[in-house]
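Heads up, the next two complexes both have subunit A, just with different partners, subunit B and then subunit C.
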Partner chain A sequence: MKSTELNAKQNNEFKSLMRLLEAKDYKKGLKNSEKLLEQVPDNQEVVSLKAIFMYYTEEREAGLALAYQAVLKNLASDFCWHIYGLIQKAEKNYIQAVKCFIQAINKGEENLQLIRDTANLSIHIRDFEGNNWLRQKLLNSKPGMVVNWVGFILSQHLIGNYAGAFNTIKLTEDVIKKDIQNPIKKVEINEFKLYQIQLAIDAKDFQRAKQNLLDFKNDITDLVSFYELEYEYFIKIGDNTSAIQSVKHLLDLQPQNWKYYQMLQKADPQVDLSIYNNTLVQGRLLAQKEGDSFLNSFLQFIDPFFQKSLPSLFREIKHLYTDPNKIEIMKKAFETYLDKSQIEKLWALMLLSQHSYQIKDYNQSLELINEAIEHTATLPELYLIKAKTLKKLQKFKEAYESADRARQLDLADRYLNNQTIKYASLANMIVVSQDLLSLFLKDGSDPYELQMIWFELNIGRTLLRLNYLGPALQQFNLIFKHFQEMCDDQLEFYQYSIRRYTLRSLLQMIDAIDKRHDAKYFIQSAGLMIEGLERLRVRIQEQRKIEQKKLTPKEKKLLAKQQQKEQEEKLLKEQFSIEGHIFSRDIQKRFDLSGEQLLDQLKTQEDIIKMQNRFAQVLIHTNFNNKEVNFQAFKQMVGLYINQQKPLLCAKLLTKLRNNETEQNRIVNHKYQLMLIQFLNKYQGTLLPYIKEYQQDLIQFDQQFWNDVQIKTQLDQIIKRHCEAIIKEKPFEENLESEDLQFLQEYPQAKVEYMNLKQTTHPFYKYDPNIEWQNHQIKEYQEKQQTQPL
Partner chain B sequence: MVSIRRAEMQDLQHMQHCNLWCLPENYTYKYYLYHGMVWQSLLYVAEDINSGRIVGYVLAKQDEEDEEGTKLEHGHITSLSVLRTHRKLGLANKVMQSTHRDMDKIFESHYVSLHVRVSNRAALGLYRDKLGYETFDTEEKYYADDENAYNMRKWFRKKPEKQ
Partner chain C sequence: MEQKPKLAFGEINYKNLEQFKVITQKTLPVSYSENFYIKILTYSDFSTLGYYNDIAVGAITARIEDKDGKKTAYIMTFGVLDAYRRLGFGTQLLNELINRVKTHEEIRTIYLHMWVSNEIGFQFYSRHGFEKTVYKRNYYTDIEPPHCYILTKRLYPDVDPPIPYTEEDTEKESEIAQQ
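Let's look at the complex of A and B:
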């Protein structure tokens, strides 16, 4: 197409445009590219350049669209693909960017920088096959560069081509030797050798691993890593005697690493750990002792803490409270210090208060801590324990005041400051929280830039409680942005780490970032996000209804009530500066603290559900070890998936709920399980063929599922009666019907529950007005009772 | 019950969290990742094994050049902190000793350096008396609040003669 080709002068123009792009002079670039286009309007490469200049001069969307047009009109141009890819990369749309760059490379683009960038991006999107292809290409173009060889090794490792990787390593060693100009450093040799051992173990090539361990020992200066790998190797080949030797070396290096003692026990189940005389091991061993022997060892263990005035003792022995036989003994041990010196008495009072807290006797805990405070009024720790207890007693304002006393005793301590913020936000004091935070912020800085997730979560939770949906949702949204930032942060380090031979760290990073959502803060905020969005959805739904319908008197009443509520909210909003008054307008706007921009994307129910699903999709695949945290988040998905009639996801969710059942959440958990089961019952016939398409979900599906449907229904009935018994203040068993008893005896799973019932000391079956969830449950029960009697 | 061990990549976000609860000098995740990717063997954490929480950490790095511009491999402590709930247990001392060992053995550092607020008596006690650091220099208004810092060093190898 002659008309689109550039003459010599135009070609120079084009080159100068490229220079402007490199110099980031987008304004001038845009002007000049438009001039050139007047002469060659159909040259798509010039159009591409104009597009990227537009993109960077606040015409983002138009630039994106134009670059796409240019690609469509000249599919054969590597240049157009390259530019479109650059824009996609700037959009952080990395999958699209890789596709574009690969098109450009396939169409003849030989820019090594581009190939390298694409290779790194392909690891970023976890396209390891593509990465392997690109690394090979790099190696072919510049085989003299060691870094290209190392990149190729890694790429083979990532696709599981171990034989290839071993082979490449051999060739690489030669290239390293020949490269006299850039001699490899000792620390790089150390890393490279350690990597090779790990690779051999990963590949299960134990012969090679053995040889490597022998050959490399003198080159390796990182003995911690060396012996850890050696241990792993010996365990894998079943040579426990040698593994014991490896772990003994490790214990010499890091005697305080608990993992090593576990490794020792694994290699030698008979090992006597008591010969290791440090607080870590001795503290752990306490759990195995009983009776007088326990009392003696316990006294021996705690005494140094009393002598050295260490307030951290309780955390060291908290794990012993899982054994009911030890609880009284520990209490007695603490009490022996009441009659000793004044300072020992203080620690004893503090520990006894923590003891009462641990066994959920909050009133007693409060009494004891007050006594301790009377004894010594200047110890911040005491006020924190008091705040924690007051929180359990639902006295949030007083809890805040107590934490603030602690803070004022040591104003330079950030921990005390943060604790006070936590209690302030629990007491709905948003402005106070922000003010306190600012005490430790440098001028102009803010918690959002610094990824202060804990603060965002606390404020978000408070805002949600007060029903400020926009600002609340935005706090959670910012938390997700931080998790996304974590993921994108990797991009700079792939090449960096290949150059430095820190491939073991690189592999660990890939794994850690892939699992980044298995974190308490993510799970908590995702659950709250779905909950907040649900409230927003209901609000919009009700508004719609009112707009569409002629109102009956009853509805008019409801409407008036709602309007009154909105009015109250407005008033509240004026009292609190929810947008974050301590932050500059710029920060408020940049982070959308009012949530306006976010709410703009959430105008219809469909928008909201779409966003809920986005979070639910990630949430349901998380794997975290705190059942309570998991349950609080997962329960938010129940209504979502039932409303959307998604049986497979419901089945998956059911498994999740059951796996995260605890004594504390049992009743509420069962309620949600029951909702899911009732929904799934509808699908009994049609579900089975449907499930077949999803083998993966099927694996997680309990075989006993349909049997359990009945068990759970019946169990739920029993739980209802349990609530009834609590309300009527009758012993639980008197409220049982004969068929219940029969049922409980019949099913092994139910039997465990039944045994629990018999133990009256079991907190689950004892009504205690201070246990929040019980009150909640009873309230829920009573409300149900009014609408549909049992 | 606190275990002292080398940091893994999963620990980085918890180290960041611990830092936000202890110190006014904070960094984004990327800075932790940078340390982890290059000097992972120098990063140590104190983990409360009852709760799984990271209650203390040391973030450290290596530098090839001296402040005077001469080539002298040395370590540097970027950040060190222990939660208030776990103070006085010697945790800072333990993570520091571990990173010192690895600076010396793996990187063949000549010395390790750090900055400390001149008013921070507890930290000074640890560095000077327990760990053997010496004051090398005082840097005026080093911190954001204009407080001065001591630039301290601990030598692993023989100090070069002053010229």
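Let's look at the complex of A and C:
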């Protein structure tokens, strides 16, 4: 008998270890597995068990390494592979986990649970071929189970084997009929039939699609989905007349859905939408009218709002402001209501204020909204409009006060509370934001557990502005994690969907998750993260310089003294941390709200650049339907990729910048394009053929640009000089000074004295009410200490 | 003729107390303490906000008092925002109050303090059956003249006897009280 084999008694021991693993009794498991190993030190399966027990008893790294060793020493053991796979899965290394499980499946006896889990994991990592193979295995083992058939259909669909999928569907229907014990439910039939129609359309098998639409109509309860599919089918085969009928059914079901009117127009470009007499359509149609005809229709449109008092009117007509000919007419129309009844006067004042806001006359807007508030001081909406206007006038504190007034007037309104939080963080009031948020959180919950990205982003932005780099970066880091968690949460969803026939939802989910980073909040936080990390990099660089300077003994003494004082202050301040004051110590630690753990990983330039790349490599593939949002984030990658000498990424970035040019960012955008082209022009490496098309004459490109551009602001002028410096390859060393916010956004170093790392004096970046709060807390704390009896 | 706009009524509670505060500050010459507003919440039976088009435009608040062993309702505050005057909202608010008070049969009268110079106010109240029952000297400390009337409405004038008109002086009363 080999020394590695287990005798009967040891075998029983092994089995009891397995039970401990299932019962999650890791401590006892670890102890017992070590005992067993004393007898059979070379049995790698027992080693594997010890490894996973270690992994779950806070010896993560060691457990992972040991499991790997066990696999290497016994490659033939399915058990060792299985355990190693489980650890990889717990580590969220899903690709590795799948590889391990497949080894275990190939080497061991049939384990249906393992095959099913692996199949779901393979969907998760989008290995559709692997999923197909595993689903086939499941089906071969248990052909009597409907769920295995449905899983196999989907797996064929995902690899584009439509003929196979249709074939399997036919067989599946038979299995469903035979399964008398578990009759299919009506909702399940509905889902399954809709899926089959969609599959036929996706496969471009229009004959089948037509047949399915005819045959299944009576089985389908979700008529909206049915007619949407029918419409899609008719459009694809070019039968617009029938498509019109489909979309008319949709309009009967949902007359307030603008999407369907667009679909109708697509099927019938000549259609006259004016026959649809609802506010949605009538509001949209206003855009097509001109002059007197517009004025009449406009008055007719807005009048019922004045009578019914809908403060939401402006939303319906905002789109008309793209036409300069309409602006004055609308203003006149609003003004006619100033002399009518009191309530009409109020709405007129409110609309006129919104009107002025829309045409960027913020002072006028403020005056009008103040008049409206004087008229009716109890209406919260008015204070919100005022806050919005004050924000544009860069009076952030006053904007917060006005939003807070709205909130106080109706404490039950969550929306007002949310808006006030946004304005509070815009006024740098982190502590207030947290307090306000807690008003609407249930006891014990916190925004980080709840993945409140909007809140984290607002707080992160404020922290970054005030230069609390650690806590700021951690907010963005948490957002990044939430996006990953969103994806990982899906793991539970695949098998469930297959079991419930909701394959269409599953496909939608896969698509949505694949596109999850194309979201405003992600793009904004990724951009801010890269920017914040850059600031951290500069800060570390500067600190190094100071440290390397030779100091006299006296200076050294002073420095030591100062450092000690800073240390003491730091300890005190930690008790009243601004970044998480409302949250318990436990939450602060669990989510690393001070950012300390994060900063520990960012001690060198290399660490920081590595982290920047982690965000950039996701960011570079994103796209959101707001060019301004895109551009503000993408521009953060320019310096990063040039410094790292990455020509392909620079070329890609150049295209992205060009695609996101707007009237507003044109000049700034040009500067970054220039930097990229400058780099690409000089590149001579092996990738040259791929970037050749991006190279061009820099001087000519620059001159052409400025020829048809109007220089309006101080920022424009500086950028022009900056561009000249880029072309001449000279460092841009102007003494920048400005109090303009846009300017500071582009040149945050304006007015900065680098050695002391001072920031601009602009209150937006400087005014920190949180410090007042903190000092107050510290003072109270110290007083309490003193008065305490000895 | 144009139809008179109708008010809707809603309770004053902790969540909308600020709206009541705004209405009171905008309509009454007296400034109340924060404590007063908190107390209002405890008199919710007769107090109400008046909504026009979902906007709070007026409010009336009252409490029950014991006066010589009899129960009476005392109007603490009553006001409609300037822009919404002359639309009949005051009448609607007062009628709402009267209807609510009338559900308590033991309450026979409603009374309030009114500044002597408030001519328009008096016209309004007398239209609604209020009578001058007391002339109170030196009632206010922060407005000139500092005197007021107590106006009282008998809810059941056919059954209850008229109330005699008297005069009082707040300063003298408090002097006596001090002695």
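The rule we apply is simple: the second predicted complex is superposed on the first by the 649 of 790 C-alpha atoms of A that agree within 3 Å, B and C clash if a C-alpha of one lies under 4 Å from a C-alpha of the other, contacts with A are read in each partner's own complex, and residues count from 1 in each chain.
Heads up, the rule we're going with is that a residue touches a chain if its C-beta (ideal position, glycine included) is under 8 Å from a C-beta of that chain, and two chains touch if they have at least 3 such contacts.
Predicted model, so just to flag it, every value in this text is computed and none were measured.
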{"item": "First (subunit B), second (subunit C), both or neither touched by A:Lys442", "value": "first"}
{"item": "Subunit B versus subunit C as contact partner of A:Thr378, first or second or both or neither", "value": "second"}
{"item": "Most subunit A residues touched (candidates subunit B, subunit C)", "value": "B"}
{"item": "Which superposed partner A:Lys318 touches (first subunit B, second subunit C, both, neither)", "value": "first"}
{"item": "Subunit B versus subunit C as contact partner of A:Lys217, first or second or both or neither", "value": "neither"}
{"item": "Which superposed partner A:Leu411 touches (first subunit B, second subunit C, both, neither)", "value": "second"}
{"item": "Subunit A residues contacted in one complex by subunit B, in the other by subunit C", "value": "none"}
{"item": "Residues of subunit A touching subunit B in the complex", "value": "186-187, 190, 221-225, 253-254, 256-259, 279-280, 283-284, 308, 310-312, 315-316, 318-319, 413-416, 418, 440, 442-443, 449-454, 482, 485-486, 489-490, 492-493, 496-497, 500, 502, 504-506, 508-509, 511-513, 515-516, 519, 625"}
{"item": "Residue ranges of subunit B touching subunit A (in the complex, touch as defined)", "value": "1-6, 8-10, 12-13, 16-17, 20-24, 26, 28-30, 33-34, 36-38, 40-41, 47-50, 52, 83-89, 94, 98, 101-102, 105-108, 144"}
{"item": "Interfacial residue positions of subunit C with respect to subunit A in the complex", "value": "14-16, 18-19, 22-23, 26, 52-57, 81, 83-84, 87"}
{"item": "Residues of subunit A defined as touching subunit C within the complex", "value": "309, 342-343, 345-346, 375-379, 408-412"}
